[in-house]
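The structures come next, written out as structure tokens.
In the two complexes below, chain A is the common chain; its partner is chain B in one and chain C in the other.
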Partner chain A sequence: MAIQFERVSHQYVGMDQKGYLAIEDIRLNIRGDGELIALIGETGSGKSTLVQHMNALLQPTQGRMNIFGIKVDNLTKKRKDVKLTPIRKQVGLVFQFPEYQLFEETVEKDIMFGPKNFGASEEEAKEKAREIINVVGLDESYLSRSPFNLSGGEKKRASIAGILAMEPDVLILDEPTSGLDPLGRNALLEVFNRIHEELNKTVIIITHDMNTVYEYAKRVLVMREGTLVYDGDPLKLFSKKNIDRWNLDKPEVLALAQDIENKFDIHFDKPPRNKTMLKNALKEALK
Partner chain B sequence: MNPMIEMKNLSFAYTKDNLVVDDVNLTINKGEWVTILGHNGSGKSTLSKLMIGLLRAKTGTIKIDGLTLSEETVYDIRKKVGIVFQNPDNQFVGVTVRDDIAFGLENLQIPRETMLEKIDKYARKVNMQEFMNKEPQQLSGGQKQRVAIAGILAMETDVIIFDEATAMLDPKGRKNIYEYMKELNREGVTIITITHDMKEAVDADRIIVLKDGRILKNDTAQNILKDQETLEQSNLELLLPLDVLYSLEKENVNHDALKEYLWQSSLKG
Partner chain C sequence: MKNIVIGRYIPGNSFLYSMDPRAKIITLLILMIGVFLLDSIVFMLVSIGLIALLLLAGRISIKRVYLGLRPLMFLLIFTFTFQILFNDQGDELYAASTHFSLLTVGLLFVLIVLWLKTKQYIRFKLLYFLLFVVMGFAVLINIDTGLVFATPTFSVHQEGVNMALFIMLRLIIIVTLSTILTITTKPTDLNLGLERVLKPLSLVKINAEEIAMIISIALRYIPTLLDEANKIMLAQASRGVDFNEGKMKDKVMQVVSLLVPMFIISFKRSDELANAMEARSFAPGQPRTKLHELFWHRLDTLALIMALGYFTFAVLTRVLT
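== the complex of A and B ==
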């Protein structure tokens, strides 16, 4: 098991000294061998707090974590013998609007920053940048460009490349596609799918887009008011009658497919997961 | 028709030779709901920043409610036009939620009691009334965004620009804000939304499609929504039911009831 939560809670303390329990009694196991997980839930439900525990940016105020063999609890920070640096390399976290964190003159230097920070030589870091830029769907000509003259989608890719260059086993992305046009969004989702399938890395995506969850995720986690209320198969989740209670939308493809089945004499053997599958299934059914 | 916003021969460039907004001529009428669509980098956000004087046009003029935008008028114009951006972290200026909503109002020099009433009213509109004393670091991205929206609503401007303002919200929060936009529009507020989501464009009176800084299309929502060629040129997608409908037509599938149902579903967004 790559990341293990054992009854983890986290309490923030504000200026008024009042505590605020952001996540509560979380039990969760994440494998390191190529899962694609979606993490969903209302704003303020604890999603960002949860993932910041996965690379020990935050430590539990109660309970404990095991991250690639390193135990993390509320005392970890005080102990000098526990080094959290390896965790930061193994679990890469891409924040919301990562493009605001680009700061070097060129894309290449931005990508090299991480590996160099973890001890790679100039040449190794350069080599890494050349390799990674293709993975995120940009060509090598981008390496010499200034990050500030890129489009929104290109900036996002460049900043994700910077995290990937550290070769994390688990890659966590907090709303990676917000603000992108549909073409840019789909291209980026394909990049994540490739990282998951070809590089065999575990990818965790925080999103509000149920279509993304339904089409790509093999496993979905639902947070609600700081607790983990669902951990399992996306189709089963969206087929539940009471998902309204969790304020989740049904994915459009699923909703339309179910509507068509209810209104017309059409039946799909397997629920279509994306629009291409829906179109093909319909054509097949109406032949 | 009374024009609310009039843009004439408007151009803007960040660098010398690359026009981000290229000779835009556009009039938006009082009480209208206009949606601006376009690919990333098409100039949508730049256009909205020009409208409130956050950027200065290279050439051309902007009139808001008859008032020509200039250095002298920019503060009067911001009393007429409010804007909400996508990223809440660039917008949160207060120490607490209450302070943040109050920020714009304080500049308007209105009586304290009226101010408190407005803060309370708009915190409720975005469902943040229980978070009044919270600090920004205690809030999630979506909660901060709702506070940013309340701050602009509280200014009660004649025009509100929502620049992908709901992209960070969960489905329920999104619907909530969207319903409120409709309510404001019914009350006569001019609404301009910038989005990539076609479902949020169906209720617009008019859709402007930008491409490479120029107006590619300026037409009714119905006409744009079914215009596959224009949408494809702008990296946008057809509404799902319409997309399915077109693919059935391409294959000459005969099922009129299903086709009619798909068409009707598209109009609902």
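== the complex of A and C ==
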């Protein structure tokens, strides 16, 4: 197990000393050998707090965690002999807004920042930046540009490149496709899928797009008011009758496929997960 | 950052809360000038007693005021020691020669190390620190064995003690008074009061409303920017920045990685805010109605009269002596 949550709760303490329980009694196991997990739930349901625990940016106020063999609980921060920084190399977290992260003069330097913090030499980091920039769908001319003159989507890609360059074992992305055009979004999702399939790494994506969840995720986590209400197969989740009580709706392809099954005398053996699969399945069925 | 007390409103219910902010600001100013005019320690102590009464009557906990004073502790101790050590006016009250030898310097070093190692386990850090200072002096004055290479005289003079006490008491009074104002007045009310108090400045072409607007926007954005700074720190920590550690060179980089996004985000925010204000037809200098009107009560007049009384008393002590 890469990341284990044992009854983890986190309470934020505000100015007025009153606590706010952001996540409550979470039990969760995340494998390190290639899962693609979607994390969904309405805004304010504790998704971001949950993922900030995964790389120990936040520590549980109750319960325990084990992240790649390092035990983390509410006392960890006070102990001097436990270093949390190495966890952040193994579990890379990309925040939702690239503005919080980009600060260097050039995109190249910004991508090099993470690897250099974890002990890579100047040349290694430079090499890495050159390699990664293509992966996120930008070309090498971007390396010498200022990160502040990029468009929203380009900033997003640059910030993702900054984390990918650290080569984390588990990659967590907080709404990575928000603010991207449809083509760019699909390309980026393919990148994450490739990282997951070819490099056998675990990728966790926070998203509000059910189509993304249904097409890519092997496992889905649903958060609701700070608790984890579902952990399992996406198809089973969307086949449930009353998913709208969690403010979720059915993915378009699944809804269409089920309509087709009901209206016509067609049965799909394997439910199609995207438009191309649906098309092929229909062709097969109508032959 | 969550423990900043100066400038924070704390909800409550007493006559201090129901006073008009204008009255509070003007009384505060008058009282402060009065305190600066006082030149006798006895009257200063009486003033502190009056403030204690005010706190009691206004139902403000002393602990809050102490928390407000705490950031100033260093300044207070520094000026106090400075005056005591280096002011050589007036009668000599106490003098002793100190002995710097290898032995005493070594002992001082031991004391400093002991203080650094043990201070984290002690609750009353200030008292503990003072204890160590006294011990240090005791060592320097009493142990004169070994090779003594310097014997500077340590002396305390009347004027030094006076000035030290004066400055300390004055600072305490002024900070306490301003803490009372900020604890009992909502930032918006304070701002509105300030706007009205500064209104006469329009005669010399200074627009009080604009100043008030600037202040209120600045106040409004303090929590937002703190929140933002926290998010940036988390984002950079995800990229391996350890804000608690690092060499000097790394520290500079850490601060840059925090400040640059902070600046960019603040500029963007102010730009957006300006647009939003313009979209709602905000025009500087135009007359506007207020959501909250201020009302001057009899209590406010009473407070003002009492403050003026104190002020007159202060002037009189000055003139008569």
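List of remarks:
To be clear about the criterion, the second predicted complex is superposed on the first by the 282 of 287 C-alpha atoms of A that agree within 3 Å, B and C clash if a C-alpha of one lies under 4 Å from a C-alpha of the other, contacts with A are read in each partner's own complex, and residues count from 1 in each chain.
The rule is simple: contacts are C-beta pairs under 8 Å (C-beta built on N, C-alpha and C of every residue); 3 or more make two chains touch, one makes a residue touch a chain.
Only a predicted model underlies this, so the values are computations on that prediction, with no experimental measurement involved.
Touched residues of chain A, counted separately for chain B and chain C, are more numerous for B. With both structures placed on the common chain, the touch criterion links A:249 to chain B but leaves chain C unconnected.
In the superposition on chain A, A:146 contacts neither chain B nor chain C. By the touch criterion defined above, A:162 lies against chain C but remains apart from chain B after alignment on the C-alpha atoms of chain A. Judged by the touch definition given at the top, the superposed model places A:275 against chain B, while chain C stays out of reach. Of the two partner chains, neither chain B nor chain C is touched by A:121. Shared interface residues of chain A (contacting chain B in one complex, chain C in the other): 15, 97, 100.
Against chain B, the residues of chain A that register as touching in their complex are 12, 14-16, 20, 41-45, 47-48, 96-97, 100, 151-153, 175, 178-185, 208, 210, 247-249, 252-253, 256, 259-260, 263-264, 266, 275, 278-279, 282-283, 286. Of all the residues in chain A, the ones that touch chain C in their complex are 13, 15, 52, 55, 57, 85, 88-89, 92-95, 97, 99-104, 113-114, 117-118, 148, 162-163, 166.
The part of chain B that touches chain A in the complex is made up of residues 38-41, 86-87, 89, 133-135, 137-143, 145-146, 164, 167-174, 196, 234-237, 240-241, 243-244, 247-248, 251, 253, 255, 257-258, 261, 265.
Chain contact summary for the complex, chain C toward chain A: residues 2, 228, 231-232, 234-242, 256-257, 260-261, 264-265, 268.
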